[in-house]
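Beneath this line is the structure, given in structure tokens, with notes to follow.
Residue numbering begins at 1 within each chain, and the chains themselves are lettered A, B, C and D in the order written.
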Amino acid sequence: MSPGRLEAFSDGVFAIAITLLVLDIHVPDPSTTADLAQQLGSQWPSYVAYGVSFLTIGIIWINHHAMVRRLRRVDHSILIWNLLLLMTVSALPFTTALMAAYLKESSGESLAAAVYSGSFLLMGVVFAGMNRHVLFERAAYLEEDTDEPTRRLILKRAVAGLIPYAIATVLAPISPYLTLAICAAVAAFYASPAASAADVQPVPPSSYDQ
Amino acid sequence: MSPGRLEAFSDGVFAIAITLLVLDIHVPDPSTTADLAQQLGSQWPSYVAYGVSFLTIGIIWINHHAMVRRLRRVDHSILIWNLLLLMTVSALPFTTALMAAYLKESSGESLAAAVYSGSFLLMGVVFAGMNRHVLFERAAYLEEDTDEPTRRLILKRAVAGLIPYAIATVLAPISPYLTLAICAAVAAFYASPAASAADVQPVPPSSYDQ
Amino acid sequence: MSPGRLEAFSDGVFAIAITLLVLDIHVPDPSTTADLAQQLGSQWPSYVAYGVSFLTIGIIWINHHAMVRRLRRVDHSILIWNLLLLMTVSALPFTTALMAAYLKESSGESLAAAVYSGSFLLMGVVFAGMNRHVLFERAAYLEEDTDEPTRRLILKRAVAGLIPYAIATVLAPISPYLTLAICAAVAAFYASPAASAADVQPVPPSSYDQ
Amino acid sequence: MSPGRLEAFSDGVFAIAITLLVLDIHVPDPSTTADLAQQLGSQWPSYVAYGVSFLTIGIIWINHHAMVRRLRRVDHSILIWNLLLLMTVSALPFTTALMAAYLKESSGESLAAAVYSGSFLLMGVVFAGMNRHVLFERAAYLEEDTDEPTRRLILKRAVAGLIPYAIATVLAPISPYLTLAICAAVAAFYASPAASAADVQPVPPSSYDQ
């Protein structure tokens, strides 16, 4: 299979998962809603969780493209790694809805938050694992002969990206709001120009538009 | 990332958001429906909101294509602007369902209408912002050297397109029907041949089919 | 816009609409289901409606491809015709669910059947209208100079395809089962090898694989 | 129609069906959930069914690509075979949800399991049928002249893949857990490196990345 076809299928899954997020924002039932403004306002965890998950999926899509772009070909092992990654991405509409439903509850809120950041962590772990597989066990498939220091740097960054999610997951029992804030901060960081310079773009800018 | 790949992903999100709109049209429960014709008839706000949102997303898709077509390459900042735009597009199935559910209610109808036209306004603001970013801060990435008057004209049109949505949002407290009518009129205008000549196609027709 | 991009977006909408059909097949609630076999059996209208709508959307997708394949370029009017066509296609998951929910009811069943075949009829009318627009008002955009007799033949076939749906809609008050049977027969006919020779393929077979 | 366009449409359906699976994992209602951990834990059949179905659809997607890649062109009969295959794939979110809902029930659990593995069996039968049609009745369309022993081998493998699903379906009355375990084992086998060497890749590795 060509990397282009792998990417087209993956982009389809990313696009669907990111768009399904909206199904978790519910329209208040008119027959039981006295004050719509208050009702919509009380749903703010849904909006925040929607925004954070949307940006996070968008960023993993950008990073996924950067990874696949380095490949000249793919084999069965890369296809299966990719399926596992997509499986974790596709689960995010569920964990996002869980977070939104329980954030303000007095029971289950810590677990929901841990599942939420934990699902980002799992996605990041599989992404780092796939990167490691591609960069070190399938180095011969790489588009251009990337030297080992560069490959180590790319992997190090993928692993470093796991740290905030691990912290957010560990802190969930203390405060689910803190967990959500950390996930939001990570998304904001990777969306910022700073991330562009340092992290998302480990290949020279000149080849970015290939 | 190539503009083509950005566009393929974006087209996926546009196509999914536009098709998810139908999930907000509900089949009346047979066990509680005495008169199906009356029930289906009473759901007319759903059909109107579906049609207006469908055309509006279709038109922003056409305009998005016109914008991306001008680009030779994209960088991180353009990718993030694009994600923000897609985030506003993906939210439309929710705001459309909200409008349909509350249009005929005696409480919450103004807010629902304001959220509906407000979501189009927000989408338009982000689209204008992305256009401004592309045309003036990333002018070097443009396919052909578009002169400044042309670039100003394109941006002026994107901003002018915001005015009816701003009016529709402001008028929501007076009548949600008026808000819906304005949004419908905007969609009808951009779908008409007049729009084709004046607004949607700021590059010469000869290059339209590239 | 290139015809290829128009088709990629349209294919996305076709693929999503066809896959959303399954959401209308419901899992019986375990807590209230004594006999699952009987419950699943009683849902047979859902399975039939699913199959008929799936094949029908698949066939309109094939025909849509045949139409777009003839185009060298598209303009704003063709984009809008295409959006209207996609709007009728995207509505089919709703009309299919309506048919499935009411087929066996003693009230509303005729209307549901009329809406079901009527939605196919509407899709066919818009498809014929788009074909007429493309073949006669935008003949200059056609890939190769199709002579007028051929263009008339293509349009005649598109219009002839409306007749069974019109009959099915008219007969809905007599029997919704008859309406469903006619729609199923149409889908089966176009899926059969006979349709391949006579109807779906108005251009010479030698250019079919372009 | 070109094989590439057939594949792009099919990939869309595969991507949507695989991503819709998550809609069957439900967020427990906060107002009635005393112990979220216990509630989420009790939903384990949903997670297992999600994982197994996700991998299975992913693997049929890989195999579908391998089949289409051999084609130089497609005709109406191949399009219809392909639609039938996609119809069985699109039904999987329903049969997966059915399995998850009934696995732990004391009534209907065998039927649900039989429907689950039966839906994989049906998909496999249609896939084998399509392979037979392509390899033997449309051999002239094949990319390179595959000799008959190779074509027989490909078909034999597609048919052999049906056996475990047939066994799983037959064993459903004995234990739905056994049925699920067999389906999981099949997915795990095809995802393993062993499958890569033996089964998924019947053409020489050197042409795998075309």
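Definition applied: contacts are C-beta pairs under 8 Å (C-beta built on N, C-alpha and C of every residue); 3 or more make two chains touch, one makes a residue touch a chain.
Worth saying up front: this structure is predicted, and the values here are computed from it rather than measured.
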Joint neighbours of subunit C and subunit B, given as chain labels: none
When subunit A is superposed on subunit B by its C-alpha atoms, the rotation angle in degrees, nearest 5: 90
Interface numbering overlap (same over half, different under half) for subunit C and subunit D: different
Distance from the mean Cα position of subunit D to that of subunit C, given in whole angstrom: 26
Between subunit A and subunit C, centroid-to-centroid distance (C-alpha), Å: 37
Subunit D: positions in contact with at least two other chains: 8, 12, 16, 20, 23
Chain-level touch network, classified as line, ring, star, complete or other: ring
All chain pairs that touch each other: A-B, A-D, B-C, C-D
Touching residues (chain side subunit B, partner subunit A) in the complex: 1-2, 5, 8-9, 12-13, 16-17, 20, 23, 72-77, 79-80, 83, 86-87, 90-91, 93-94, 97-98, 101-102, 105, 107-108, 111-112, 115
Contact footprint of subunit D on subunit C as seen in their complex: 7-8, 11-12, 14-16, 18-23, 25, 27-28, 30, 33-37, 40, 50-51, 54-55, 58, 61-62, 65, 69, 191, 193, 195-196, 200-201, 205, 208-210
